[in-house]
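Labels run A, B, C and D following the written order; every chain starts at residue 1.
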Amino acid sequence: MVSETVELRGHIIDSLILPKVLDEIMTLGGTFEILHLTVGQRREDASRAEVRVTAPDAQRLDAILGRIGQHGAVPLAGDEARLVPADVDGVFPDGFYCSSHFETWIKRHGQWVAVERPEMDCGIRFDPATGRASTVPMHRVRRGDRIVVGHAGVKVAPIDRSPERNVFEFMASNVSSEKPKAVVIREMAAHIKTARAAGGKVLVVAGPAVIHTGAGGHLERVIAAGYVQVLFAGNALAAHDIEQAFYGTSLGMSLEAGMPVDEGHEHHLRAINTIRRAGGIRQAVEQGILKRGIMHACVVHGVDYVLAGSIRDDGPLPDVITDMVTAQDAMREKIRGVTVGIMIASTLHSIATGNILPASVKLICVDINPAVVTKLADRGSFQAMGLVTDVEPFLRALAEHLVPVNGR
Amino acid sequence: MVSETVELRGHIIDSLILPKVLDEIMTLGGTFEILHLTVGQRREDASRAEVRVTAPDAQRLDAILGRIGQHGAVPLAGDEARLVPADVDGVFPDGFYCSSHFETWIKRHGQWVAVERPEMDCGIRFDPATGRASTVPMHRVRRGDRIVVGHAGVKVAPIDRSPERNVFEFMASNVSSEKPKAVVIREMAAHIKTARAAGGKVLVVAGPAVIHTGAGGHLERVIAAGYVQVLFAGNALAAHDIEQAFYGTSLGMSLEAGMPVDEGHEHHLRAINTIRRAGGIRQAVEQGILKRGIMHACVVHGVDYVLAGSIRDDGPLPDVITDMVTAQDAMREKIRGVTVGIMIASTLHSIATGNILPASVKLICVDINPAVVTKLADRGSFQAMGLVTDVEPFLRALAEHLVPVNGR
Amino acid sequence: MVSETVELRGHIIDSLILPKVLDEIMTLGGTFEILHLTVGQRREDASRAEVRVTAPDAQRLDAILGRIGQHGAVPLAGDEARLVPADVDGVFPDGFYCSSHFETWIKRHGQWVAVERPEMDCGIRFDPATGRASTVPMHRVRRGDRIVVGHAGVKVAPIDRSPERNVFEFMASNVSSEKPKAVVIREMAAHIKTARAAGGKVLVVAGPAVIHTGAGGHLERVIAAGYVQVLFAGNALAAHDIEQAFYGTSLGMSLEAGMPVDEGHEHHLRAINTIRRAGGIRQAVEQGILKRGIMHACVVHGVDYVLAGSIRDDGPLPDVITDMVTAQDAMREKIRGVTVGIMIASTLHSIATGNILPASVKLICVDINPAVVTKLADRGSFQAMGLVTDVEPFLRALAEHLVPVNGR
Amino acid sequence: MVSETVELRGHIIDSLILPKVLDEIMTLGGTFEILHLTVGQRREDASRAEVRVTAPDAQRLDAILGRIGQHGAVPLAGDEARLVPADVDGVFPDGFYCSSHFETWIKRHGQWVAVERPEMDCGIRFDPATGRASTVPMHRVRRGDRIVVGHAGVKVAPIDRSPERNVFEFMASNVSSEKPKAVVIREMAAHIKTARAAGGKVLVVAGPAVIHTGAGGHLERVIAAGYVQVLFAGNALAAHDIEQAFYGTSLGMSLEAGMPVDEGHEHHLRAINTIRRAGGIRQAVEQGILKRGIMHACVVHGVDYVLAGSIRDDGPLPDVITDMVTAQDAMREKIRGVTVGIMIASTLHSIATGNILPASVKLICVDINPAVVTKLADRGSFQAMGLVTDVEPFLRALAEHLVPVNGR
């Protein structure tokens, strides 16, 4: 039997961190002993625990330490982080430390060095020249990069529940379509305003249902009012938006009449063909071909957008990044400065975005399918809020709160 | 091999009736020969077909005739309807004719007698004294009643697609959450106004999600404006509505704050207890205890309601009919004169209502779960429209169309 | 500001009880101070906490104490339980204590008296003559009954997480269709065998999809082998089972050929009519009319069944209890001695059953719809396991584990 | 008002083609007159109709002809197909004919020339040098290519319902989880055997749930027995399969124990890293690193696989094609000779595959989510069968039919 003593600090009881750590230890076949526990007496006080973890062998102990480290448990006998140079481009050394999306530090020469750009499922690269550490995705590691190996000398700060109850914490706990949503949307709008006032960027990830349900105009209004700085989507959202701008239809349905119109489905391909002829979305706007819609608003109002391809795309539009590794890296660039993300009716792009966002970004996930909301809002933090509702009335209500029509 | 020749009349090609009949014949192991076919040349013209049906034996032929009879195929060599007296209370004679929800006639003494109160899954009772026929549910048949047996002498009129395209026909064909719903709700509101102007009654079947999502006030407004004559619901809708009227909560959630409040869940039981003490909902209104909400509006505005119990009820409220056979019969009485039915977020009561409504009633089925909408809107007629959307914004938009706030 | 000090005992950290209590206090607007906390050092050790709860006024404090009492928090200054006689039949006194499904005690003359038949959403009745306390549903309270009012003198024991990890705890935590289910079904079968060996009864709640998917034979096999003592279902399950026994079809689909057959849908009504003529299911078995199927197996093997009606029933079968209050009471009688409940493809009857079962009964909830499983398995205890899977292969695998075909 | 007369041939009544054509004419604002109608008297006889279509203007008439042309309606006054050279690489001429997935011909010099490689949403390119026509996706058109413009001179053959009822036609009509699936899987297996015996290739499109649910071994068995020639999947399926081969886990769940194991989630990334180090899947097999699983079986048994990337991929594996346009083209090559496609628990790759497959390929679509099955099986032909069921028991049963364990 081997043991190691770890420390936990923060709102570890109220935020369920201590119970989760004890649970993980047992689930992975270890046992624990709580050596010290100082509990914050009031809700604003932090607590501190020392827990001795025991496991049958060193390998298992290491596995447990790795897992509970993700919840912020740091070995008291804190070794230095171990660095191993990569021997092949695009490949980590064996035993590389696998990052979480929480704030992380590594210990070098007795100092805790913050890891830049927290992102889950990456490695951690330390640059001896600058003394700085940052996450690195697998495909970007280069031969000779110093990569953290093992769990020693790595510290993670999971996100505490805030002392004040807020709508994020409440909503995250319970995904259901049977909720009074009007109030929640009002809170969301207030939060977006606050985030903008503080200089944070707002990221929207949107699927084509935004257009099909007739909600494109609401999003356009929100963009025009300056509430969106970054847009992530796929070929489909942009193509349907442009189809609607050209023909007033989406997938061949007239959004005005609610009925199918002539040549409906083909409009989609013809719209893409027209943009290809123009050379791209921005060019189509500049040539006066594209005069309205979400993509038009993005060009006119300077919204940074990434359109990432997928294997099911028609066309695609010239603006679509068809290589997935390039697209991911483009998204990684654009998320800098984002403090609020709104994911609307988009599973694929929302999951991709969730994978690269730090845990500190507040997320609002909206879909009519509860399974999608559950998957997106389950971030292991108190920063994500899920809402099971219909896209059009959601965006209508959000737009009305952010940009009241009658100028209130 | 045995054969019989049947006739079909109406918009049998455009309304898919002829193809369906041919399909059923083949599916059930028969063969067909189209002896004559006169096709209406323009969409307003009716068509007529004579089809010889052949089957391996008389039993199978009879089965085929029974099935295609539901689509309006009538044997040319039209026998009289065969009547057999019931020998036990609550039990049909063997081989009883199983009714559909379409308009139906039986042949007696060479005359086609219309069957009153079309309802599916009933028998047909003929009263020799009055010469009238009507459907009768199994539990209400009495010894000696003359019940139609076999398919001979029974004629059914399935509902043609109307020559004009309308929103019912379009929406029914394709249940999806990805639709421009604002337009459809506008059409629904227009249809409800037309139906009321023509003197038809409007029936609402509603589940408790109406309250949980904060949509109770919208329905209350629609009731107060005279757009609802009949309400079918369960104990849950009424109890949550009354809980909200008393405490401002639904299942312990404050509809104002969108957060749980003290003693939340218990409010539900306490509200029921209070109404039981008063003696019932009407009594609570009269005693000044219940002052707002859907049930209050029903009492004040003379809406006929049936609250049918279910095995999962708490309490229940004194107004709830706890015996299911009694409750079904009460619902059968109240649907007379109903020409539009709106089913909102209620599976159990909506299916029960659908089972007793004639096919001619226009149905609007709204739920956030597409599987529920598919099940409810699949009525084998062109009279049902399904909408996959969220309850609160649906009722908000419907109320706004029917009873604009600013008096437009 | 008013305060009260409460005590918590047990695995209050590992089972998340303490964090939940602190969370509830804050959510309901109170503050807390942890006065003492003794933490069990190893997982088999219990812990103990004293927490001072403070609220702005007495009403809010009482609300908080009520809510956290459900998690086992007992005021240290333990008053006696307060008893108030009911003044009307079927109505509780104002402020009645609303029961949970956990083990509960009330304090009388300084002694903790266990409450018999734990059931949620009931009142607690104390009989001074015998000194015994038991839950009582609202409709069964009689004038003069002594009913507990307020939260003082009431103690609840929420169910701890067991020191050993087991499949119930693991599965309950995460409902998903993407799981290796073969292993889980094997564990379920082992648990059922253990429960039977210990003399516990097994309750099955089943919906008609058991028959439609062709799984009736598997359940029949499990019943015949003595693994089911109680069956709760509705008219539909029994009617479709009997339809299949008579005609080999379910809703008109041949279960052998997987295709619709002649007169399909009508078989359902004819099967019900035949049983009505016989006088009931048992009579039909005794008269040699009903020779196979689930209901036949129940009669032959002495399984206690309750068929509870619903507003959507056809017929119904004579065995169906059509009055919901009577049916609930019948179910309350039959659950005595049940230690395992298996809920299969049945929402309405499963929720109704969940409402009356004590929290100590282990529940296995199986449905192809994740939303149903989430709703059923969310019991606030560690005793329920949800499985999102298809009914037929689930019952096939369960039957194979319990009653191997080749006599293993 | 302008008119044109069209001809329809085949099982146009039984296969609902004539009613659909009349419906489209009316929906798009035209009127019709049936000039001649010869109905096949028996089910094996074809029918023929001449329909005059009238519309308010030439543009609308053209739209109607375009739409009903997709159902096989050919203008009697058959012009030549009109060819226009592309003026820009990757862009079609305006008004290009948008292809369907049905068999198609174009008229050149009075002859009907079959269009090679039917695929929906492409253009049609005619090569004057060879006199051959084929579909061409938008991105592959090159300046100077002769592209069909307008609907004149294009003929489409929609797929008739077969005179014999079969399981494809029956299942396609009605997606529901409440079906007797054992029989249907038996029919599927028989169909796959027949297709292989006739020399057709079988394509499997599979999502990662195949691994998560523990069904990998079943698919491996089916591959080893020679029943799969082509596999389309994403990075996730392959990575989870390889994770399981290396660690016995999938997403960190032990498939043996049904419980999470140490370092669970990280296994996924480590498995990818290991394959990257080896240089690819085939290399890992050859180096003896990868010894079992689906991908191993594909390498060993010569299955052609395409792993197409997505924006949410980790890694990815070196075999993954990260450029979407390249991946689509790779898939287009591999589908040649495929006569049966099986899509299992994969939405994105299945839709992508459905978009490039000709309508004549028989499709089997399996998912636990009914919405996915509806979307995939809705191909406008009678060649697709949807099954709502759980992946593991589906593949277990399919493997048992195709490759019985005990050598039957």
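In this section, a contact is a pair of C-beta atoms (placed from the backbone, for glycine too) under 8 Å apart; a residue touches a chain by one contact, two chains touch by 3 or more.
Worth saying up front: this structure is predicted, and the values here are computed from it rather than measured.
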item: If a chain touches subunit B and subunit C alike, it appears here; value: A, D
item: Furthest chain, CA centroid comparison against subunit A; value: B
item: Between subunit C and subunit A, distance of the C-alpha-averaged centres to the nearest whole Å; value: 38
item: Whole-Å separation of chain centres (CA-atom averages), subunit A against subunit D; value: 33
item: Geometric centre distance via CA averages, subunit B-subunit A, whole Å; value: 45
item: Set of subunit B residues in contact with two or more other chains; value: 27, 165, 170, 259-260, 369, 371
item: Residue ranges of subunit C touching subunit D (in the complex, touch as defined); value: 165, 167, 170, 177-184, 187, 208-209, 212-214, 250-251, 253, 255-260, 368-369, 388-390, 392-393, 396-397
item: Subunit D-facing residues of subunit B, complex; value: 13-16, 18-19, 22-23, 26-27, 31-35, 37, 39-43, 165, 170, 370-371
item: Contact footprint of subunit C on subunit B as seen in their complex; value: 27-29, 60, 63-64, 66-67, 88, 90-92, 94, 96, 98, 121, 138-139, 234, 259-263, 265-266, 269-270, 272-273, 276-277, 308-316, 322-328, 331, 348-349, 351-352, 355, 369, 371
